[in-house]
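This is the structure I have questions about; it appears just below.
The letters A, B, C and D name the chains in turn, as written, and every chain counts its residues from 1.
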Amino acid sequence: MIRVGIINVTGYAGAELARLLYMHPEAKVTSVSGRSAAGKPLAEVFPHLWPLDLKVSNELDDVDFAFSALPHGASAEAVAPLVRKGLPLVDISADFRLSDAAEYQRWYRVTHPAPELLAEAVYGLTELKRPAVREARLVANPGCYPVGALLALAPAVKDGIIEPDVIIDAKSGMSGAGRSLGLSYHYAEANESVVAYAMEGHRHLPEIVQELGRLWSKAEASLRVTFQPHLVPMTRGILTTCYARLADGQAWTKAKVRDLYEGFYKDEPFVRVTAEPPQTKHTWGNNLCLIYPTVDTRAGRLVVVSCIDNLVKGAAGQAIQNMNLMVGFSEATGLDLPAVYP
Amino acid sequence: MIRVGIINVTGYAGAELARLLYMHPEAKVTSVSGRSAAGKPLAEVFPHLWPLDLKVSNELDDVDFAFSALPHGASAEAVAPLVRKGLPLVDISADFRLSDAAEYQRWYRVTHPAPELLAEAVYGLTELKRPAVREARLVANPGCYPVGALLALAPAVKDGIIEPDVIIDAKSGMSGAGRSLGLSYHYAEANESVVAYAMEGHRHLPEIVQELGRLWSKAEASLRVTFQPHLVPMTRGILTTCYARLADGQAWTKAKVRDLYEGFYKDEPFVRVTAEPPQTKHTWGNNLCLIYPTVDTRAGRLVVVSCIDNLVKGAAGQAIQNMNLMVGFSEATGLDLPAVYP
Amino acid sequence: MIRVGIINVTGYAGAELARLLYMHPEAKVTSVSGRSAAGKPLAEVFPHLWPLDLKVSNELDDVDFAFSALPHGASAEAVAPLVRKGLPLVDISADFRLSDAAEYQRWYRVTHPAPELLAEAVYGLTELKRPAVREARLVANPGCYPVGALLALAPAVKDGIIEPDVIIDAKSGMSGAGRSLGLSYHYAEANESVVAYAMEGHRHLPEIVQELGRLWSKAEASLRVTFQPHLVPMTRGILTTCYARLADGQAWTKAKVRDLYEGFYKDEPFVRVTAEPPQTKHTWGNNLCLIYPTVDTRAGRLVVVSCIDNLVKGAAGQAIQNMNLMVGFSEATGLDLPAVYP
Amino acid sequence: MIRVGIINVTGYAGAELARLLYMHPEAKVTSVSGRSAAGKPLAEVFPHLWPLDLKVSNELDDVDFAFSALPHGASAEAVAPLVRKGLPLVDISADFRLSDAAEYQRWYRVTHPAPELLAEAVYGLTELKRPAVREARLVANPGCYPVGALLALAPAVKDGIIEPDVIIDAKSGMSGAGRSLGLSYHYAEANESVVAYAMEGHRHLPEIVQELGRLWSKAEASLRVTFQPHLVPMTRGILTTCYARLADGQAWTKAKVRDLYEGFYKDEPFVRVTAEPPQTKHTWGNNLCLIYPTVDTRAGRLVVVSCIDNLVKGAAGQAIQNMNLMVGFSEATGLDLPAVYP
């Protein structure tokens, strides 16, 4: 049983870590920190976490493993000294996702507080980085949108079956925006409404571009990626619809595409290629990514839909999957939970 | 490890039993039946249950314990021969909840198919019937509304602190109506709307009256109970607000009422008296009943709010709690799960 | 055509006034004020109001009639000088609803800024105060909850058919909480959840008690009223369920109660006694109050359900209904709109 | 005042026609038909339509203008004799949208019942077909998805600023599926979930292809269109996100694209090019289409978002807009209504 700490437990990702780790048979949350709620019992901040008899503190106590759920900027600052001391850690913020400190600064408008750690940080989309995650002492947990987009596109991009032109249209529930207040998340404004946002560029774009680029093998053309997120009136879930022209429209039938995807993910504990288009609700509360690839034969286009729970496979569950590997547990430990349906 | 069967797994209560039992360390679902889906893999009917590698059959295979999630009438018919053969069983239908076969017939408009079993069937609201449940071979799982209402009122009724006049105003999510189709549950009709229903009398009323009557000790006056259910636009959850005049308005302060409730429930694993009015979301997906009792001092009235997840503490979770006792497991086995929040 | 001004157009009640008055054939909004948005075009604050070519100003221009949608305290202060100058006005805040300045101070924790106007202010629930509204120069628009509760109970209370003991259980959509931010109204926290609030006493209670008291004729006993509001996950609508024991349980059948209600409301343009229990959605966006009275014969109890749109009959529509009378228009002018369904 | 009939008033489009026409100053619904509800008062079927004192009949009485809201196949059959008799008519079904009877049969799997009327039927997206609508006696009202997609793309396609490769990703509320029952629209299954559907081809695709093709002027390449619809948990509204590579990525800035769109729609009463990305809620209950065009400069791509209420601009409002022109009324008569917000 390892002792686990959660830095900034007071947001949704932090709380979801606490919930999931409560069911983990080999890890126990022994320390949680959070600036705004320091001194309060955790169960006062989040009544659903009442079985965790913990007090929110200013700083983590001594632990064997830590997660940081701090906002970007603050996270790198808090995390760097811990990593240097040798504490294995998954950072859920964006701070260690981009290898290029300049690119980070361009999108997040913050000077990176610990650029010297960027080289060793591993981008923790486990399905694509398993060996590196196993060896890492610092894992950058991917953003929620990139998880859905990258898993939907990886087989096609890696195999080079598409033209270098990709459109990612994502629909997210409101918890993705976090627990801070804003008119856009006010119930009366958000309910019965769909909206596109960040139309001039969302911060998850450079991360998607970086990782798709690493998969893309055709030197002659770099990928052009359009990523457009939307808010839909639900709490959890991201459905991502990806579009790309097939490099050779004739050759790739739906059946062949499905074979490619099924082969790519055949040993994955948390990815399933589904027989029917999935709904986000089929992943409510669990760590699955459901993927449905098909071909629009009229337009010679690959269309892939993926579903995740943004707080689980898109944040806390993905982070625990990384922890399991880093610590040497079986990858699915504590995460083998059916979705809550309906 | 015991082998468990679920009769009629294709409704929401049956599917929720399968989900919860998947996480149970000492019970394993080995057989599921369901008329409409017989022959299909369970994961085809409910994609979220894909880790359960089971085929829906016409009849249960040999098991050590069974749950019936059949509709009333059909359930008693299917269950009676199994009980006679000695199979311990929890019936989730209404068939064995009312001791009086005539009362059953009045409300359900069906001649009881197995009235000879009524005397031995135990009304399975564990918190009020623990010793009997432990000895039972046939437990009638309570209705979802009665769970919320009885737990909210039991301490007050048993202690006789109220006048014999009780109002129960319940607000339920849509999954309470089951998976069958109806215009009232069509998304476009049900969303953005609240409605009162069954205003001439709901079938859960006689069950509430029977059980409150058993708790009520004042011979001089029988309880008059009004129970009014409402549908609200959400999937899971029942919030029940109960009102009753205090027998002696002066004597019962909020603090004294809270003491009574905290004492009554102090050893219960699944009931908590909360410091603030609870929201149904604090029980989303788990087996808790949260209770907040207070006093309207102006009107000399007890007001108690309770929250449950209608599919867990109001159905499948409650049923497993009963199974645990009947089989000799620790009562909370497999049910110690935090709610999924937000 | 009269010129109408709206003080504090930037909240939901103000915006709804602007929407409804746009469709009024004899009144035209010519001036709107709002502190936070002063200087901005109204359509920038509320895109759905783009056809109103108005700029939000600090102070109202010269108008023939005004509505104040300011918060309590601020409203009386702004409104008093206008009323003294002779401008006819409906105040949507709570400032002039309670006749007793001390009671006002007890509940709102503010010294009343213009107590000398309380005597002449008319409580503007038109159905109960029509002659007085017609003569008034200052009308206090009722709270949203009181509209639903008073219309549901008025016939029974006035006729004295119930015992002096009333329970009002109200379920409101989120827009009732206004446009200001709060964790309780954050989409991710409020969706899929029901909660009771203000359990120690809601500010609409004294208003309900005052007005029911004026209808109540039995000197021998004063009314004891319990009012419990709840938030449900929808944007608009209040469903109010009222309970009271019948003074003579035997005598009052459902049919007789319906006769009483139908007689009481037979000439009302905005109240309908419905054949079936109504849903709030049947009043979405319009000025109706739908009422369904019935009798729980087992408990000898009157049960009445009413539905309104909290922003229309519970605020802006009710205010325009009052304006119509004060100005001499036909009462229903501009308000004869079917609900938006589904 | 013209007398208007609605064939099949019992679906959502029919009911919305009745609601909107009630507010029309120059048209009055005098006759409504509907097979399942024949003989019933309209207000019994739709309580929100109580002010319309009409009985649902089997056949329309004599009227000056008719709308058909029948399903495809049935509509052409019912409508053909009326058109031949000279009754001006808007058909809301798909029956007269496709000029090519073979294409119709391919997608709808029905032999067209009145192919001889296809040549004269006008595709009634008023903004693109105003002169023809004015002269038509039979107008085929466009599908809800095509309205949002065509208005979003028309300026770009007509002006030829894009490559012949278009992706349309649409997100629709549940009322688009109509009032018939299905597990996909059951509240408990549909809430808190997003799903892509009709991934092998949706029936609105040929209509979009036909009309975009008519706008497209570049002979050298025909358009390749991918259209992917999604269901989101809300009642009304469609948000459509369109993607296409700019023919000359460098030349088309966001500002120039906005100029093009603003010029194209500058005299349109029901289309607005918005300053910020719109939300569907800004069109709730009214006939507007809100459009926000922008450029993803990184990928050289046009991205356009449009919002409509699927039951108004996507069905009943669009139909009345057509009627207004056909009959010689001012185009916006009776449709000048602000959206209901929040």
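Just a few scattered comments:
Convention: a residue touches a chain if its C-beta (ideal position, glycine included) is under 8 Å from a C-beta of that chain, and two chains touch if they have at least 3 such contacts.
Not measured: the values here are computed from a predicted model.
Touching chain B and chain C together: A, D.
The interface with the greater number of C-beta contacts, when C-D is set against B-D, is C-D.
Note on chain placement: the centre of chain C and the centre of chain D lie 37 Å apart, centres being C-alpha means. Centre-to-centre separation of chain B and chain D, using mean CA positions: 46 Å. Within chain A, residues 12, 173, 175, 188-189, 191-192, 233-236, 278, 281, 284, 342 each touch two or more of the remaining chains. Contact residues of chain B toward chain C in the complex are 165, 167, 169, 171, 173, 188-189, 191-197, 199-201, 205, 224-226, 228, 230, 232-237, 239, 241, 243, 245, 277-281, 284, 292, 294, 296, 298-301, 303, 305, 307, 342. Looking at the complex, you find that chain D touches chain C at residues 12, 15, 18-19, 22-23, 46-52, 175, 191-192, 235-236, 272, 274, 276, 278, 281-286, 290, 336-342. Remark: chain B residues 12, 173-175, 177, 179, 181-183, 185-192, 233-235 touch chain D in the complex.
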